[in-house]
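After this come two complexes, each holding chain A, first together with chain B and then together with chain C.
Here is the complex of A and B:
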C-alpha cells in the first residue's frame, strides 16, 4: 500500500456514519508517548531521531495489530502527499513540515495513524466517524498496551506519562469530537450552547484545531487537562457533553422546521444553487456552503444527496486532494476554478425536494 | 380591450429589442400639456376635473392615432389593476393614488399612454425598447399636433407651454432613457461615467424615478431643463449622451472579458444559481440578481436565455403582476415565496454555457 492507494477511499472520519452522525462528524483519541531514557524530539540529535524512528517503526509493526499497515518515512514523501495526509487528518501540519527523520504508520481504513517523531516520540491516533469514543478507546488502549510491552515508555509514578509539552503530561491523552452545529449558529444560540462547556474539562475550537475560526459551522470539542483525570472518565465525560450539545442542536433544528421552515429551505437551497453554478470558489467558501447543504440534507429538505457524498466533495476540494485528482500542481487561482468545476459536476444531477 | 388583455404581453419597454438594447433598456418621452382657460388639476373643482376628463378623452379618441385604444377611468379601476399599470410604467404612482376624476388612454402595444388629470391636465407619454428617441419624437409630435388642433393648449409666447409645476414650463418635455450598467457598477467606474453628465442638461436617477436608489444596476438619464431648449436639440443631445455612456459600459465589458472573464462568469452564474434555487426572495433582490444574469446573457457567458425572457421574469415578479398571475391577494411574506417559485420554474430548463 502507498499514499495513492488512499485515493480510492474517503477516509474513516468522513464516512458520515456512526452514532449521532447527523451532528457528530467524527471522534478522535490521541495518546502522546515517549521512549524512556531518550531526549525529546526537539532536543534529540539527528542520530537519536533516526534510531527512534527505526525503533518505533519496528515496534508498531511487531504488534501485528494494524491491518494492512502502511509505514511512511515522511522525509521520503513528496510535499503534496504530506499535505494530502494532513487534509485526511492522518498527520499534523507540524509533522508534515518538520525537517528531521520522522514517519507515520497508517491503516488502510484510516482509523489508526501513529506519528513517529512528531512533538513526542510517538503519537498514537485513532479516528472514527460519528460519536464512537468507547470503541476508539478500546482499540487505542489495546494498541498502546501492545506497544508498551515492546517499548519502555517514559513514565513517572507521580505524574504519569512524560511528554515534550507539559500540557500533555499525565494520561497524554487528547480526546476530541468534531461537531456540525448549523442551527445553533444560524439562531445565534451557539455561544450559549458552548458556554456550558466552561464548567467542564472541555474546550471548543474551530475546525482545523487551535487558533482557527469555526468555518462551516464546525466545532471541535476537546479536553484541556491530561493530569489528574482517568482515561475512562474522560471518555465518558466527553460523550456526555457532546450528546448534550447535540440535543441542543437537534431541538433548535426542530424548532426552526416548525416555525421557520421556509427560511431554512431557502438557506440550504441558495447554498446548493451557489455551489452548483459558481465558476470559482475557495475552500473556505465551499465548506461554508457545503455546511448549509449538509444541514438541508440532514433536515430532509434536500433529498437525493447523501452526507457521505457531501463529505467526499469537501475532502476532494481541499488543495492537495484536488491536485492529486488533477494529477498536476495548480496555482491557487486555477485551483479555485477547478474546485468550482468539480463541485458543479458532482451536484449536476441532484434530486429536487 | 381591458386591463387583463395586457396580461398576455410583456409591454413595449421590456421587449429587449431596439438600438443599443444590450445596454439601453428603454426610451421615453413625456409631454406635459394643459387646457387654456382652465385651472390646473390641483386647483380645479371636481366638476371642472370631470369636464376636463371628458373633453380630453374625446379629443384623444378623435385623433384616431391610437391603434386599438383602451381608455380607463381610473376611479373605476381596482387598486390592484392600477398598481399593475404603474409596474408597466403606463401611469405614475401619483396618478394611481389620486382621489379625483382621472383617466388614461393606452394602446395595446403599450407604446403610448396619455394620462388625463395627473399633475397636468394631460401627460402624453411614449415608450420604446432600446434607444429610439427620434422615432418616439416623430410619433409623439404627430400625436401632440393632432391633439393641439382639437384642444386649446395653455401656451405663452414668452415661456412656451404652461404647466402646473414650473420645472416643466417651456417644452413641457421630459426625455428619459433607462440604462443597464452592470460593468460600470462592478468596476466602480460608474461615478466617473456619470460625472460627465454634470456638464450636460441631463441628470441621473436610480430605477423607479426621483429619490430612488439604483437597484439592479439600472440608471435613468433624463433632462433637467424644459425652458430655452428646442425639442429636437434635446432628442439629439440625450441620444449622444446615452451612446457615450453605452460605449463606456461596452469598453469596460470587453476589458473584463479579456482580463477577468472567470470573475464575470462566476458573478453571472452565482446569481443564476441563487435565482434558480431560492425558496423566498423579495423584488429588490430578484432584480439585483436578474441584472447579473442579464449581464451574463449580454456578454455571451450564459446562453439559452434571452434578455426578453429575463425582462418578463422581472415584470411578472413585481407585486401586482404576481398577484394577477396567482389570481389572488398575497401578503408580502407569501409573495416572496411565490416569486421564488415562479423564478425557479422559469429557470428550470436553462442551457448551460
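Here is the complex of A and C:
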C-alpha cells in the first residue's frame, strides 16, 4: 500500500455516518508519548531521531493491531503527498514540514495514524466519523497498551506521561470533535453557545479561517487540560457537551424551518446554484457554499445528494487533492477553474446514494 | 459580556470587549476605546506568558533561569522562550518553575488516569527488549551482521512469547 492507494477512498472522518452525524462531522483522540531516557525530538541529534524512528516503527508493526498498515518515512515522501496527508488529517502541518527523520504509520481505513518524531516521539491518533468517543477510546487504549509492552514510555508518578510541551503532560490526551453549526451561525446564537462552553473544560475554535466567524460553519471542540483529569472523565464530558450543542443547533434548525422555511430553502438552493454553475471558485468560497448545501441536505430541503458525497467534493477540492486528481501541479488561478469544473461535474451527476 | 470591567492595558473603564478564538483557546479582552484603536495583538504563547508572569511574581525563582539540564543541555530560559522541554528529566530539574505553569494550564498538578503496567517483570522485559533493539540497530550500523542476526533471533523469541500470553 502507498499514498496513491488512498486516492480511492475519502477517509474515515469524512464518511458522514455515526452518532449525531447530521451535526457532528468527526471525533478524534490523540495520545502523546515519549520513550524513557531519550531527549525529546527538538533536542535529539539526527542519530537519535533515526534510532527512535526505527524503534517506534518496529514496535508499531509488532503490535499487529494495525490492519493493512502503511508506514511512510516522510523524509522520502514527495511534498505533494505530504500535503495530501495533511489535508486528510493523517499528519500535522508541522510534521509534513519538519526537516528530520520522521514517519507515520497509517491504516487503510485511515482510522488510525501514528506520527513518529513529531513534537513528541509518538503521537497516536484515532479518527472516527460522527460522535464515537467511547469506541475510539477503547481502540486507542488497546493500541497504546500494546505499544507500552514493547516500548518503555517516559512516565513520572507525579506528572504522568511526560511530553515535550508541558501543556500535554499527564494523560497526553487531546480529544476533539468537529461540528457543523450553520443554524447557530446564521441566527447569531453561536456566541451564546460558545460562551456556555466557558464553564466547561473545553475550548472551541473555528476550524478554518480566523476569528469567531468560522469558514464553512465548522467548529472544533477540544480539551485543554491533560493533567489532573482522567481519560474516561474527559470522554464522558466531551460527549455530553457536544450533545448539548448539537441539541441547541437542532432546535434552532427546527425553529427556522417553522418560521422561515422559504428563506432557509432560498439560502441552501442559492449556494447549490452557485456551486453548480461557477466557472472559478477558491476553496474558501467553495467551503462556504458547501456548508449551506450540507445544511439543506441535513434539513431535508435538498434531496438526491448525500452528506458523504458533499464530503467527497469538499476533500477533492483541497489543493493537494486536486493536483493529485489532475496528475499535475496547478497554479492557484488554474486551481480555482479546475475546482469549479470538478464541483459542476459532481453536482450534475445523479447521487450514488 | 460583563459590565464594569477596566481596560486590561491602561486601567480606564473598558468599552470594547473582544472575544478571540485562536490556537484552540477562546480569550476575552476588555479594552478602552483608545487602546482598542491601537489594535490588540495577543502574545504568542500562553506558556511563555505564564512563565514570564511567574518570574516577575517570584524573584527567588530567578536562579532557575540559569539552571541547565545535564542530559539535554536546555536551560530554563531556553525552555521559556521555546515553550518546549528538552528531555523527560527536565520535569524534575525545573519543577519549581513548572509547578505554577502546570497549575494554571491544567486541572491540578498531579496525574490521574492511565499508568503503565505496574508489573515489574513486564517492565523489566520491556526494558530488555528495548535495549536489544538498540544493540541491533548499532550492530547493523557497524555492519556486524553476525551479531545482528543473533540479536534479531533473540528479539523474535521474546516478542513471539509475548504474543502467546
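One rule holds in what follows: the second predicted complex is superposed on the first by the 342 of 353 C-alpha atoms of A that agree within 3 Å, B and C clash if a C-alpha of one lies under 4 Å from a C-alpha of the other, contacts with A are read in each partner's own complex, and residues count from 1 in each chain.
Please note the rule applied: a residue touches a chain if its C-beta (ideal position, glycine included) is under 8 Å from a C-beta of that chain, and two chains touch if they have at least 3 such contacts.
Values in this document were obtained by computation on a predicted structure and should not be read as measured data.
Asker: Considering only the touch criterion stated at the top, classify A:34 as touching first (chain B), second (chain C), both, or neither.
Answerer: second
Asker: Of the partners chain B and chain C, which touch A:262 in the superposed model: first, second, both, neither?
Answerer: It touches chain B, and chain C stays clear.
Asker: Looking at A:156, would you say it contacts chain B, chain C, both, or neither? Reply first, second, both or neither.
Answerer: After superposing on A, A:156 lies in contact with chain C but is clear of chain B.
Asker: When the two structures are overlaid on chain A, which partner does A:166 contact: first (chain B), second (chain C), both, or neither?
Answerer: A:166: touches chain C, not chain B.
Asker: After lining up the shared chain so the two structures overlap, which partner does A:277 touch, if you call chain B first and chain C second: first, second, both or neither?
Answerer: A:277 contacts chain B only, not chain C.
Asker: State whether A:148 touches chain B only (first), chain C only (second), both chains, or neither.
Answerer: The answer is second: A:148 touches chain C but not chain B.
Asker: Is A:54 contacted by the first partner chain B, the second partner chain C, both or neither?
Answerer: second
Asker: Report the partner of chain A that touches more of its residues: chain B or chain C.
Answerer: Looking at chain B versus chain C, the one contacting more residues of chain A is C.
Asker: Following superposition on chain A, which residues of chain A contact chain B and also contact chain C?
Answerer: In the superposed arrangement, which is not itself an observed complex, chain A uses no residue for both chain B and chain C.
Asker: With touch defined as at the start, can you tell me which chain A residues reach chain C in the complex?
Answerer: For chain A paired with chain C, touching residues are 34-40, 42-43, 51, 54-55, 58, 62, 64, 119, 141, 144-145, 148-162, 164-167, 169-171, 173, 191, 194, 197-198, 201, 203-206, 210-212, 220, 222, 224-231.
Asker: For chain B, which residues are in contact with chain A within the complex?
Answerer: Per the touch definition, chain B meets chain A at residues 262-263, 265-266, 269-270, 272-280, 337, 340.
Asker: Of all residues in chain C, which touch chain A in the complex?
Answerer: 19-26, 46-47, 71-74, 82-88, 91-92, 98, 101-102, 105-117, 122-123, 126-127, 129-130, 133-134, 137, 159, 162-163
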